[in-house]
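Comments concern the structure below.
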Amino acid sequence: MPSALAGGYNWLMKLLYFAWVRERIGRGEETLAVPADVETVADLVGWLRTRGPEYEAALSEAQAVRVALDKVHAAPGASIRGAAEAALFPPMTGG
Amino acid sequence: MPSALAGGYNWLMKLLYFAWVRERIGRGEETLAVPADVETVADLVGWLRTRGPEYEAALSEAQAVRVALDKVHAAPGASIRGAAEAALFPPMTGG
Amino acid sequence: MRAPIMPRVAVQAAPFDVGAEIDRLIAGRTDFGASVVFTGHCRDEGGRIAALELEHYPGMAEKELERIAAEAAARWPIAGLTIMHRTGKVVPGEVIVVVIAIAEHRREALKATEFIMDFLKTDAPFWKKEHLPDGTSTEWVAPKQADDHARATWGRE
Amino acid sequence: MRAPIMPRVAVQAAPFDVGAEIDRLIAGRTDFGASVVFTGHCRDEGGRIAALELEHYPGMAEKELERIAAEAAARWPIAGLTIMHRTGKVVPGEVIVVVIAIAEHRREALKATEFIMDFLKTDAPFWKKEHLPDGTSTEWVAPKQADDHARATWGRE
């Protein structure tokens, strides 16, 4: 609802956490009302860090945290607008 | 027998031929008395070419013919002295 | 003239039957000259590791493997491609990842395999946790700088 | 600290059991993280080829494969290595050559495999003759300039 966003309303986003980000935050997923002024991936990480010490512990190594929007890797400057799901995780170590 | 070689005697060498070199010469192996003045791999190929039209047909593409002495690749300038076996063949196409 | 290939991508908890996967890709085919099968295995690191636990992001993991497969198929004329990755607990010796690439010539199959592994390491959302032999302690595997470097050598996304 | 490896080299007329060769190299081992299995197959080239006949120089063929294996093992810290080559007649789809390299990390195993194939193509005394479907005509396969070039990129020898 673009008009609601433009008006500054919060919007709902599904957050997913993996590996040590998940362990430090203490849950694998949650749905949060994201303030309308949280516009980019970097804004989102910054806002989450204000939510409590467990988030701060998980996300303070900002360089080490990666974000995907709707299951696609996203750069810190990418807009989160329109994304239903954001995932936060450490650098990948598969293979 | 170095003294015999120094004296200019012929010496016996086993010659092996592979692939189209073999087909053109018409045999896979033979033992030949190599003249003492045939000193290098290039000399050997040149001398073999004088032995008949089948050798000339097999060895005239001098760039295309490779030589191994006692089962080790040998450059045209390599000495054939001491080798019991020389093999002549086209560039390899295994793998 | 080559028909576009349909890479096979799978993320699964069950151990792989690599031989069966090779057969599945190549059985009856006579149009390729080179096959490369890469498998990544759980190492015990001299007894330090009892098992690895692989966490993944369901949905995104498959999607990333498909994206990497498509990118490899666009870069090299490969004739067939399989990429599979384990999840959950694996013990030393077991296969974590398998890449099978077939092509007319060896260079394409080898390059595609190398490319896929370089991108998979840095881009596919899997994380390894080490289980140590004492049965209690666990530790997340740290990423390797060498992997970031390897990915960067390919020159673009 | 690594013990020197003993590469397995074989030249044989019988078809390969690639799965058995992989097992033979890796069974029970937990000290490697990467395995690369390269197989070179007889192609039918769209129906142009009925079979390939592989001539070789007995004695020298094994010796060259051993030399190439030793050179690869000296260049990269590989944990195990198998190189096998067919002789005689092979039909489309069959394996002509197999290289299996295992190592702690993927790069060594991949590089060693690429190196071995590049040197094998230009240095190992095997020659391929094509048998065409008409049953009579045969032709020796011409060497590829690309193979000489590939070998030269490794920087010495």
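Going in written order, the chains are labelled A, B, C and D, and every chain counts its residues from 1.
One rule holds for everything that comes next: contacts are C-beta pairs under 8 Å (C-beta built on N, C-alpha and C of every residue); 3 or more make two chains touch, one makes a residue touch a chain.
Every value quoted in this text rests on a predicted model; they were computed, and no experiment measured them.
Common neighbours of chain A and chain D, by the contact definition above: C.
Between chain C and chain D, the centres computed from C-alpha atoms are 23 Å apart. With centres defined as mean CA coordinates, chain D is found 28 Å away from chain B.
Centre-to-centre, using mean CA coordinates, chain A is 74 Å away from chain B.
In whole angstrom, the spacing between the mean C-alpha positions of chain B and chain C is 50.
Counting only residues that touch two or more partner chains, chain B has 95.
Chain contacts: chain D has residues 40, 106, 117 touching two or more partner chains. Every pair of chains meeting the contact definition is listed here: A-C, B-D, C-D. Residues 18-19, 22, 26, 28-44, 46, 92-93, 104, 106-107, 109-110, 113-114, 117, 150 of chain D are the ones that touch chain C when the two sit in their complex. The residues of chain D lying in touch with chain B in their complex are 40, 54-57, 59-60, 63, 85, 96-97, 117, 120-129, 140-143. By the touch criterion given at the top, residues 16, 18-20, 22, 68, 71-73, 87, 89-95 of chain A touch chain C in their complex.
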